[in-house]
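Below you'll find the structures, each written out as structure tokens.
Both complexes below contain chain A, partnered by chain B and then by chain C.
Coming up: the complex of A and B.
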């Protein structure tokens, strides 16, 4: 049974990954669209892209952005996770939902929020100007882009590290505390090193997301000519007049190639997985570490990060949603209005869009986690080359940038006839989302699995439980934080996702993301802002409730 | 603003009298369309703006279920080509502002030949082979911020703009926005037309470069930033978009350049492989009809292409105001010259050099 189960997992993942990816590889070796009757085998696309200086500089910029963003996001995210999960930080329950806002808010909206707040004529900038005579920062710069990308990805890292920390056996920290270590020392030498797999996973995933960034660089970098790989890709859709799929495919594959060293390095660092197995058999009551004198400075750090990363853009967006005009020479008190919210009511398909989005995020997200859990369990404690194959495999779909992965899924659903009827249903969207976020959902689960000590499962087996019963009664309950974390992440990713499904959407299957993009095209930023406010409030409420429920499982 | 409201009022009165003349029974395609029962449209006209048009169309033909897909121009092209190639059915009616892509699709045999009964009321240049139809008459303008730019400082022509950039590069530093021709097909089309009509175009490009102009991929983003004052002026903005935005943001204004005003048209064609060709014909006829064009002009605030539709937001109005300065981009295969790769890349290169990017 185990054998068939495992082969099933490997074959399924290989199929769903190589479907879209295979098409793109094939496309890269052709002279034009693969479905065009005049397409011929050709290396021309590689010759063009690899020789183009625009590609080189875009690749360099992307590398820099990814690196800078990872360096900012991972340490900060880990620190926040430690503070919120393991210590007696005040106001924890209140802070956590806010922390997650940057994950589900569309990056275009986030970037626009920054423009309204700290852009050249943003309200905060104008205020600073009136005080200092000049604006001491420059939003539209490489530096601005890296800082904002880094800060807004802190929650991603937070989610991975915190779910691992929640499962950590408190006795190890307790031992360090009894031996006289302060909270910072415990974090740096005990807690965080023990969740190293999650920190490394999140670093690799965030690094990859750096190459994926599109909304932020489009709004913050593009007007000044700052090109990253995705905006370079965007250029390729128009550069030659008609979209040049073969060139786009080559650019996408250059990012795919990057995943190999990334996964390799990560695997090398995690060779001895046994070191991290800390979910033991003996249950222990969890007592938060006292921060002592650091209590309030620690709250200060968290609040400062929240202010810059969440409040600033959110205030920008919220402000835009209640004014008819803004910027230089405007007295905001005179232009206040609720018209944008009223106007939103007349907008066709709004309600359906919201319902679809929540369905896809809530139920779809849960189904995806179910699928990821099956894959995770199949690879669990399996000493085989197939596991390393899986490790590489799952990273590949997200390495394809949104602009091209959307096309790839359209092609798959059009040209692979057995699944063609699904194309116009929400189901196609769900499949595409599940495949693209495979690595991200799976990592949270497999990181938790790494923490489970083998003796618990062995004990169950000794008393005669079959493999299914071991998983159902022992393994899965032990990794519940990983599963919940994974669902939370998928919920938020699915709520915000748009480009993956852009070609699968139609009347009846609209989502909030598509509404935002269609409004963006006409410049209805007032309506986008109003819609985003509604989104933040409703998703925030759901998260708040979910976190409460998650916490109850803790008891 | 008031004249607009008045216009709407007049329009409502008119509608009551016009409508009996154009009904479902009078169109010979109506019976066949009723059997089809459905119409699939891919369009780049956003759903909020098209709503009045669709509503009126549905009122005429209540038996048709209209599936309106609001997509961007690249998405329309990508979807249509892939769906056609896979043989799994695609749009019946294609309506997009990417004039070049639409003509390219039509010229490759994707469009159904159909002589609309409205043909005689359209300018000759707006119809290509009875396949591709120009449906609108939209002037390309210079948008500006009324709050920050006094009326007498606003350039009234392309030549004025060149002079302004030369005279005051510091005042306009990073204050000007325009399309990025590398990323926007519409932007590219306008600029190549500019380069054709306007001998000083490359001086203009250099002037934009010298002031550190910002380049955008969408009109919406530009207008938002002109409204906020981050930019004071945006070059090559479709007038209809400014009109729509003016309803909400009174600080936006636009100028139709006196030396020449490019006129741009959203192109429609009926797909050759349409499953509902008769419904598509019905929609094309309606869109080009006096009734449809009147709704377009007065409710959707998109310039009508028919000379018999009165009012400010119409071809008639523009021709009266600007006379010979009106330069429509004609609906024919000349546009495809812009898709020729070496020339296209050469233009982009020259643009980047002028802009010093």
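Coming up: the complex of A and C.
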């Protein structure tokens, strides 16, 4: 039974990962879209794309954005991690969950929020103009894009650096204190150097995420004529009038060619990370480092970041959703309205989108957790070379941005005729989402499984329980809270997802995120703001429940 | 017919040969202790019997039924061996009550509900746990958890009970009580038991027979008195008890006796290994076999008492003579000075 179960897991994962990827590779070597009867094997698509100056400049911009946001996010994230984990920063308990909030916000919503808050005619821009006579910033620029991308990715570096700092033996810092070092010197010479592997790891991660950015450059870069690789890919769709699938395949592969080595490098880094760690005995209670006079300036830094990264765009979105129009010389009190929310009713596709989003998050999220649990159990305590194969398989989708996975699954459903009818159902979105979040979901599951001590399972086996009984009577009941937590996290991730659904968007497969992307092209700001508020409120509610249940967000 | 036969068990983990061909038998009702330092392979041996590890070579039979045979590739999975195992960490399932922990084995065997209640009730009562049936692991003390683990392992009457350092997580005081209680219980239910421990006192106290393991091999096998009193190898001699160990030159050999000499001293002892004259030998004598004597005599040395340490229930004296340094125990404090010390030749083993 175990053998069948495990083979099933490996084959299924291989199928959902290699199937779409294989199709992209195949398509890239054709002269036209694969369904065209005149499609022939050809290198033409590569020649066209690699010679295109638009591709070159998109490539350059992607590189700049990735690099710039890493330079901003990593130092800031590491500093916040040190302040929250190791010092006596005031309001720590309250601030900590907020630091992770940007992870659960859809970038396209954030980007839209920045536009209406600090764009050329944004609420805060006009306010600044009335005070200063001019707007001291330019949102639609490479710098604007880099700064916002950097600030919104601070949580990713915070996450890894803080978890490394938590496992650091406090006595190494106490030794520095006794020797006479103040908190900043301790951070710079002891704590942060000791968690260098995690800092490097998060740098590689953020650099990688830079190439996968889609919502931010689409909204913030486009008006300034800035294209990155993903938005270049998105624009290709309409470039030639006919579906230029072969060109899209080449662009998609060029992104994967950049991201895959980064994912691989991260994996190597993770393996050698143990070398540095000074792991404390039992996580014993320790006295946080006193910041002294820096206490309040330090809180100021955290609050300022929160204000710019979370509050500014969210206030923008919320305000925009309740004003009928906005521009210079308009008095806020005179234009307040709830019409945008009422207007949603006149668009059946938007209503379907809202329902679909919640269905996909709630039911789809649960099914995905079930799927991840099956894969996780199959690999659990399995000593075989197949486990490392499975590890590599799971790693692959991390190199695939949602936009590309969605595109690939669109092709899969077009290519394999027997499953074609599923394309217009939520199943197509569900499977694409499940693949995009495969690595994340499995990490959640295996983190739970790691906590199950092997003796608890061995005890059941010796007493006479077969493998299936052990899973059902011991393993799964023991990780049930982990499974519920994973479900809530997947729920949020699926609700905020936007890029994966872009290419799969059609009647029956509307979701809020991809509707916002498509509405952005039409400039329907009223509807976008209403949809954004609904999405943020849904995610906020689940986040609230998760926090009340004590779910760890830093998985 | 023995309850358990293990033949030539070999096991390699990574590059280390953990078990290098261990064979033993366990007779019905017998308690056999697997004693050895950490890394001696005793836990691997126990886990091989339980079916949680697969040996590279050998054969295991439980009451005449072959459960593992490397030659034929036969391996009965752990859940079909019907054994009982008490884990070092107890491994009480935290999501089940004491009752449900103990009842699990019976439920798997499709025992009728009424009988489950009766059997679990009996065993809990026997172990003094009947008032804790509805509790969960985190509501129990270490000693109680240990008894739940035991109850869970014996409730379905396994042919062999396996115990992996069952007392090592108890504090020292509790451990001494549990030792006597555990032996009594195993004898009462009449099970044969394989008992893994690194604690020699525990092994000597609890077992009918001790298997002394080192580096994956059996060093010595026999009843507790023999293991302690008649070591056959230097490892057995050194591993057990508290010892004085010193080097000297073999000055004279006479049958099984030899005279060991050093700087200003000479002592007769019992040869435990083949040794010839004028080679270097190692003398080994248990601390309690060295005694202060009231005057000169055979097998006595006049030594200088350097210090007396108070250990609570006794005193430890450190004595010196030339390059010979000995420890011994006594009941009273003694001032530094010269004392006669008796070292009987039958207690001084020469390797």
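Quick note on the criterion: the second predicted complex is superposed on the first by the 284 of 555 C-alpha atoms of A that agree within 3 Å, B and C clash if a C-alpha of one lies under 4 Å from a C-alpha of the other, contacts with A are read in each partner's own complex, and residues count from 1 in each chain.
The working rule: a contact is a pair of C-beta atoms (placed from the backbone, for glycine too) under 8 Å apart; a residue touches a chain by one contact, two chains touch by 3 or more.
Everything numeric in this text was worked out from a predicted model, so none of it was measured.
K.L.:
On the A-aligned overlay, A:463 touches which partner chain: chain B = first, chain C = second, or both, or neither?
P.N.:
second
K.L.:
With the two complexes superposed on chain A, say which partner A:36 touches: chain B (first), chain C (second), both, or neither.
P.N.:
first
K.L.:
Tell me which partner A:471 touches in the superposition: chain B (first), chain C (second), both or neither.
P.N.:
In the superposed model, A:471 contacts neither chain B nor chain C.
K.L.:
Touch test for A:455: chain B only (first), chain C only (second), both, or neither?
P.N.:
It touches chain C, and chain B stays clear.
K.L.:
Once the shared chain is lined up, is A:415 touching chain B (first), chain C (second), both, or neither of them?
P.N.:
Touch partner of A:415: chain B, not chain C.
K.L.:
With both structures superposed, pick whichever of chain B and chain C touches the larger number of chain A residues.
P.N.:
B
K.L.:
Going by the contact rule set out at the top, does A:487 touch chain B (first), chain C (second), both, or neither?
P.N.:
In the superposition, A:487 contacts neither chain B nor chain C.
K.L.:
May I ask you to decide whether A:328 touches chain B, chain C, both, or neither, giving the answer as first, second, both or neither?
P.N.:
It touches chain B, and chain C stays clear.
K.L.:
Using the superposition on chain A as set up above, list the residues of chain A that contact both chain B and chain C.
P.N.:
none
K.L.:
Applying the document's contact rule, which stretches of chain A touch chain C when the two form their complex?
P.N.:
Of all residues in chain A, those touching chain C are 453, 455-456, 458-466, 469, 473-474, 477-478.
K.L.:
Taking the touch rule as given, give the residues of chain A at its contact with chain B in the complex, in rising order.
P.N.:
Touch residues, chain A against chain B: 33, 35-36, 115-116, 119-121, 218-219, 222-225, 231, 234-235, 237-243, 324-330, 339, 346-349, 407, 410-411, 414-415, 420, 423, 502-503, 506-507, 517-526.
K.L.:
Which residues of chain B touch chain A once you look at their complex with the stated criterion?
P.N.:
Touching chain A: residues 44, 46-49, 51, 67-70, 72, 74-75, 77-79, 81-83, 85-86, 88, 100-101, 104, 147-148, 174, 177, 180, 182-185, 188, 214-225, 227-230, 241, 244-245, 248-251, 338-339, 341, 344-345, 348, 357 of chain B.
K.L.:
Using the touch definition up top, name the residues of chain C that touch chain A in the complex.
P.N.:
50-52, 77-85, 87-89, 91, 93-95, 104-105, 108-109, 152-153, 156, 162
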